[in-house]
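After this come two complexes, each holding subunit A, first together with subunit B and then together with subunit C.
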Partner chain A sequence: MINNRILDEILGQYPVKVKKNRKKHIVIKDADMDRQEIDANTRTIPGVITNRGCAYAGCKGVVLGPLKDVVHIVHGPVGCGYYAWLTRRNKAKSEDPTKNYMTYCFSTDMQESDIVFGGEKKLTRMIDEVVEVFKPEAVTISATCPVGLIGDDIGQVAKNAHAKYPEVNFTAYSCEGYKGVSQSAGHHIANNGLMQHVIGQGNMEEVPSSFTLNILGEYNIGGDGWEIKQMLEEIGYHIQTVMTGDGSYEELKNAHVSNLNLVQCHRSINYIADMLEIKYGTPWLKVNFIGIDSTIKSLRDMALYFSDQGLMERTEAYIMRELQKVETLLEPYKRICEGKTAFCFVGGSRGHHYQGLYKELGIDTILAGYEFAHRDDYEGREIIDSIKLDADSQNIPNLTVEPDVNRYRVKVSPEKMEELKEKIPLNYYEGMMRSMHEGSIIVDDLNHYETEELIRILKPDIFSSGIKDKYVVQKMGIPTKQLHNYDYSGPYAGFGGAVNFARDIAMSLASPTWNYTVPPWHSKPLLEGKILERVSDNA
Partner chain B sequence: MTKQNRVRNVTENPCNMCMPMGAIVPFKGIENAMIIIHGSQGCATYMRRHMAEHFNEPIDVASSSITEQGTIYGGENNLKKGLENVMQLYKPELVGILSTCLAETIGEDLGRTASSFTREQGEGFTARLVPVSTPGYGGGHYEGYIQALYSIVVQLSQKTEKHDRINVFVPHISPADIREIKRILELMEIKYTLLPDISETLDSPYIQPYRRIPAGGTPLQEIEAMPGARATIEFMTMLEDELSPGKYLESEFGVPLYRLPLPMGIEACDELLRVLKKLSSKAVPEVIKKERGRLLDAMVDSHKYNGAGRAAVFAEPEVLYGVTRIMAENGILPAVLATGSKSPALKKLLQSLTADCDEKAIILLDSDFVSIQDHCANRKINLAVGNSDGRFISEQVGIPLVRIGFPIHDRIGGQRILSVGYNGTMMLMDRITNTLLAEKLSSYRQDMYQSLYKYPSAAANDH
Partner chain C sequence: MLDCTPKEITKRSGGLINPAKTCQPLGAMYASLGIHGCLPHSHGSQGCSAYHRAHLTRHFREPVMASTSSFTEGASVFGGASNLKTAINNVFTIYNPDVMAVHTTCLSETIGDDVATIVKTAEVPEGKVIIHANTPSYQGSHVSGFSNMTRAMVHYLAEADEENKKSQINIIPGFVNPGDMREIKRLADLMGLSSIMFPDTSGVMDAPLTGHFDMYPRGGTTVKQLRDTGNSSLTLALGSYASADAAHLLEKKCRVPALVLRTPIGVKATDEFIMAMRQHSIKEVPYELELERGQLVDIMTDVHYHFHGKKVAIFGDPDIVIALTEFMLSLGMKPIHALTGTPDSTIGGPQGSFEREVKGMLEQADLQGQVKAGADLFTLHQWIKNEPVDLLIGTTYGKYIARAEDVPLVRVGFPILDRAVHSYLPIAGYKGAMRLLEMIDNALLERIERDCTDEDLELVM
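Our next item is the complex of A and B:
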């Protein structure tokens, strides 16, 4: 197990200032303490190999990219457009395949002359062509680093484009890579843009069913969103829109009608969740459809929110049926997984979400962390007001919204709301640290050096993370599970997904490959001999 | 969507990545080297992600993580802090410092920062810093690779006493390709300094304990001693002189230069052996003679099937040229030839190579995948050869793709694909021929039935 002395030894390899900084990002869980503070969402230390990306990655790559019927233009030199081209495995299908632009990568491919003379004209020409050829209903424009620096006004270009093509929705996102300290800034920028210019643009006024939901922060990696949607629709919910996995402009613009917003990934979408409540009176519920217990709890919380007898009965019947189905399927995998330990370091929510599923398989999460989360994702939302905004966060515009005069509806009476809040996480996320056990270690923005050192000491049986650290860990002889793109597997959400996950983890742990890591010339002794005569038993 | 209304101010599904991405690779082929990218941390993260998925290897590349403040007050402090941490944690002998769109747009001076950092570190500091200017808007990853390779040689090479090694410069080819070139050199008993040597660093064996900087790569001392070599072989025929490391060593230090195409195809391999024989006192050994014979035998065996091939090839210039040569030697029509690079020399080489073909080849420089796809439809292409981004063409119009080059993201083992030398040529040819055969055999009976009985509707009902 880890203690402060060992931690000090690891951090001692850093220059003094770096050591001091990193120490604040690492916490050893002490259950006796009321609250433990962790530093998060602060600047990355230059030169340590972080797994964090940039604002553009969070905006275009994560939040906007999955909207399938939208043409996403990347304004900048060609690289960034290329790098975010279908790299997140957010699956999408469309009834009209000509309106699915997921496999396209559109870049203005700025050249040196554009940097010198400005790229607005090129962007305008590109918009003309994109509209003419693809006839999309919506277009996003995402900026990469040089755009803001040379002063291209992409907001104005979008406005002009809208004046020219009033039937098309244009939004511009100033998500230059240097903004903020990680992807997180980009999530916020995307949230603001979608809230300001997309959500509520539709003309739907009536809610299609009494149990209408939006699912927020579900990106349909490996089909997770489809698994969740199928489950909820079977129970009797109507899904208005998913933000943004397999999502569409068509559905998103009418997100204002729903009765409830579910929040899966808190970090990337909580801004929209909050603003939807203020503007349209729609509360949000923190859910987690990863893991069987979490899925059951989320389904029951949802049913309780609507407090509808039929819905509750269908929920219980569904749970009972699915539980029966998966229990026997999980059994053989559990036997392989039982007693093992895991590191779980992922972006902004999965580092928490997967711990429950690991536990159900008998795997103990001994280290967890987030790449780009904020303190509330670790410590719970109650600390939000006490977070001091640093310059980097202040540079990201904070959008404030007012109640919509025509569309604000009270979904649940204030009294009922208070009553519900006692029982279910309405407009609330408790964070990761509460559910972790004594002595486990929480690391924010884990880097390659710390990964190596902590593996040497804690020797986990499996390491779940992303592709950039995957090969470091595998070279150290530890099986890995990519929890960003699932190693081309999935879905892992819901009941069926839990079985898939159990199968994949068991497969990694039990792979015969690991039997061969020690070559025969190492396992045999250097000298061979046999006992000729036993001189003395005590010798 | 028809060709007429294709979008043309748009780069749609690009064939190229950006300069710093390509510039990482040569540094990964130097022994005990690290890389730091001066810019927003997303650059390093995206590039590591793309390289890790291709090579299935750890790709440690640091970033100076410039923030908004840095864009206003300059990023020098971030870069120095980054260098300090890289030195502390990795203890490299050499650090490549690459710029980005961001660093170049705000006017960062990498050279000045590097030298003032070195000065500040004092006397005990021996690591070499190699800054390279690689703005993302300055070119594609091919240009970045060349720029880095050239800068490494110019900044590190020093006047040295003559020695008996030769210099070998390679473009971005697979670790397996580099191992093959080294094997041939060793069979010819030629001592060499090959740069960049990613054969071990980007395809490293499973060995405990884990090394933060993988073993292998070109030793720094050997790069420094390149001016003393007795000759240079540069496997890049389309480099402009001012970016050619071989030309630099020739004009500055009088090292004789042999510019050869990659040994892809029997003719190019013969050309290489001719030069090696000249540089070696040794006759071509039996083992290589047998390999040539085996390739020839394979070409005879497969020529019956290759005639049906109508190919689209997309790759970085040198590999594109090599694959086209193989096709020209084997009766496959190289109909559409494309690259994301702008290399003007490539166009001329490809034109003269395909001059005798029955149909004029379409040559696309600075291209993207939708243009390639359009031309595939017009030219009845039945075979695609190139990197895995071509899979969208396969998915949409059903043209089978033989994967080669970088990146290969949807298959495993991109780093082990061998396509140079007599052996590599033969292996690539087999993959190409077998792809044509697989296509043919999957529909042969039905095609015959339809052509002989001419009852398309009945044939359809039959199944």
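Our next item is the complex of A and C:
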């Protein structure tokens, strides 16, 4: 157990300024308190080993990258583009393989002369070459750190390109890595760009079926999105577009027609969710398809939103059938997992989403946190207005939209909306902290030193995080699970996904390889009394 | 797979499509990890450091600890000096390394931060050291980054403080795996030489599972050893791109003669490495090594009909591709495409001769081939479409081309992200050549057996 005294001891090793800062990012859950505040989305202190990445990673890497029929040009030196190439497991398939650019990386590979004289010309050449060879319908241009500094105007380059190739959609994203304080800034920048220049560009006016929806903040890691899509289609929904896992420009540009937006990862896409509501009147529903209970709840919430008898019946039938299927499958894994504890430190939503699934396996999450979330992802959206914008956040442009005169539709009457809001999380996210239990620890931007210390004290049975701390913790003899890339497994979403997850966690806990960590000569003295004993036995 | 890549090659100048190189700091970070008790520090935005750590971790499946100056917009406008000073203070207080190895990123370089001066004027705890290298990624590649950080070790630490040179030699292994570094050290041991290898990531990037996490594992070149490199009587720089600059600086600074050799991959390059050590130690090559070499040549000859005349495409880091090309030629194979992403000449970095060296070898073997430095995998794929090969040798990124063109891929070099064990076992030395040969041979034979008819499936091959 961690209490404030132990916490103070841990933080006491820090220089004074660091201690003061970090203290505000760590909360011990006190169920008696109405609300506990945590500091989030503020700068990481230089020199402190963090897991965080940059705005570019959030923009190109997370939000834009999965759009498969779009050529994503990274304008900058080679590295930034290279690292975001195929490393995130956002799977995608296309009927026409020549319209799937997932396996390609486009970097302007800026050289010294481009830094000195500007890189716009090289970027323009890259655009010409790409349009000629790849014939894409859409192109994104993402800027990395040096670009903003040398003053390349990528927005203008995109405009010029559009004038030259009017049939191609060009968008430019000034997501230089120094903007904001983490990937989060990049999510926002990408949301703005897609909203301004892509969504609504299609000419669909009528909704294809009354149960048409978009899935937002689902990136199809390990095939999660496919699992969700299949489930929803079977129940009778029509998915217009997924943002952005296995997503496409083709579908995304008509996202305005849908009757509901589902939000899986709140952090990375809530800006678009809000703007779609204002511009087109489409409400959004916070869902979570990780974990069986959460999946069931999400399915029921959706059915309630549409309040259609057939839909509700099909939902219940589906739930019943799947529950039966997975119950026996889960049993052997649960036996292995029961009574164990976990740390769950991931991104901007999974630190919350996986807690329920862990619980279903009998695993208690004793520490959780996010790498780049905001306070609302911890405390709930009601506190958004009370967040003071610091200089870093103010630097990210805030896009404001107006209701679209032609396309705004009231999807649900205001009275019905109020009634629904009482029952389901419409346009609302309650955050991570509310559902966590007394005494559990919530840490924002968990760093290396704290990881080591908290593990030493809390000794979790499984540590779920990312690639950078996985092997650190494994060296300590503790099983790990990467929840960014699933250790190359998945899908983990939905009913079938829960079984996959249970299998993988049980496997990590039960792997016989752990038995060999300590060599036998460490646990046996060099000189044993055995021989003597035998002598005396014989005597 | 890669369905948009046309066979017809057109001239491009807008940048890279599917790069075969990455940026300097990654190499600098890897080199830094080869110093015992060192924490690499990335002076720039935290995104770069996150990417470099993640990518190194994917290849080695080991913790890669590194800190960052975490630039925000303010630092980008006003310079990063105060970020770096804060970082230095925090790093030594919280993580207590012996050495902090600072490298720059594109951002801090574009701003023009004077890291040398900041480092010089920083408050460093007693007995601790900071070194730094400039590693802008709008020059060179990860290989130049490795070279620049290795050079920084010499610049900051090497001292000629003994009157006479010691008989010991320095070995700079280049950007190779810890398994190769171990093997190269073993060869020097067998030759009876006392040696200082730097950087040396063995014991760091292949640390054992013990139930404890050591932020600074046992391996790595110590600061004391790095200082002592100035007293050695010879430096063997293995691979001109990754190692030559540091060796030349050591020659200039401490008068340690430098000898630049190929990375000892394959029989010929290993022979040259052994011969150089023999010359220095004036000692005959021990039977143990002669045995290893003899065994290798025995195998090469026994099954030459498996690979003789097979066409192969090789890509990767220049030192590695040069050595591999030579080995393929000594097997009687035809390396008709050789490509590296690292440019041949870099401002402020190593001056290489990849194209000249590889073309020279091909000419000698009377072979026509495509050879290019600073090129990308889009180009390599087009070459292969125009001139198909039987085998592709390179990094994990080759697997997409391998699938598109249905050629077997042997994974060699950096990075290998989809297989394990590779970083522990050598491809260097005679034993390493044996291992390479086994991989190549198996890949070719497995392909034949996959494709052949039932009646052609042979018991003995």
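Please note the rule applied: the second predicted complex is superposed on the first by the 524 of 539 C-alpha atoms of A that agree within 3 Å, B and C clash if a C-alpha of one lies under 4 Å from a C-alpha of the other, contacts with A are read in each partner's own complex, and residues count from 1 in each chain.
Simple rule for what comes next: a residue touches a chain if its C-beta (ideal position, glycine included) is under 8 Å from a C-beta of that chain, and two chains touch if they have at least 3 such contacts.
These figures come from a predicted structure and were not determined experimentally.
Is this a clash or a fit when subunit B and subunit C both end up on subunit A?
clash
Examine A:T44 and indicate which partner it touches, taking first as subunit B and second as subunit C; both and neither are also allowed.
both
When the two structures are overlaid on chain A, which partner does A:P97 contact: first (subunit B), second (subunit C), both, or neither?
The second partner, subunit C, only.
Output check: A:Q13 vs subunit B and subunit C. Expected answer is one of first, second, both, neither. What do you get?
A:Q13 sits against subunit B and subunit C alike.
Once the shared chain is lined up, is A:V168 touching subunit B (first), subunit C (second), both, or neither of them?
neither
Pick one for A:I383: touches subunit B only (first), subunit C only (second), both, or neither.
Neither partner.
Is A:A510 touching the first partner subunit B, the second partner subunit C, both, or neither of them?
neither
Name the residues of subunit A shared by its contacts with subunit B and its contacts with subunit C.
13-15, 18, 43-57, 76-85, 87, 103-112, 114-115, 122, 125-126, 128-130, 132-134, 144-146, 149-150, 176-182, 391-392, 395, 448-449, 452, 466-472, 475-477, 517
Please give the residue numbers of subunit A that touch subunit B in the complex, ascending.
Per the stated touch rule, the residues are 13-15, 18, 43-57, 76-85, 87, 103-112, 114-115, 122, 125-126, 128-130, 132-134, 144-146, 149-150, 176-182, 391-392, 395, 448-449, 452, 466-472, 475-477, 517.
For the complex, give me every residue of subunit C touching subunit A.
Listed in rising order, the residues of subunit C that touch subunit A are 1-4, 6, 10, 12-19, 21-26, 41, 44-48, 50-55, 57-58, 61-76, 83-84, 86-91, 93-95, 105-107, 110-111, 136-139, 141, 207, 209-214, 347, 378, 400.
Which subunit A residues qualify as touching subunit C in the complex?
Counting only subunit A, the residues touching subunit C are 13-15, 18, 43-57, 73, 76-85, 87, 97-98, 100-101, 103-112, 114-115, 122-130, 132-134, 144-146, 148-150, 176-182, 391-392, 395, 448-449, 452, 466-477, 517-518.
Any idea which subunit B residues touch subunit A in the complex?
1, 5-14, 16-21, 36, 39-43, 45-50, 52-53, 56-71, 78-79, 81-86, 88-89, 100-102, 105-106, 135-138, 140, 204, 206, 208-210, 212, 392, 395
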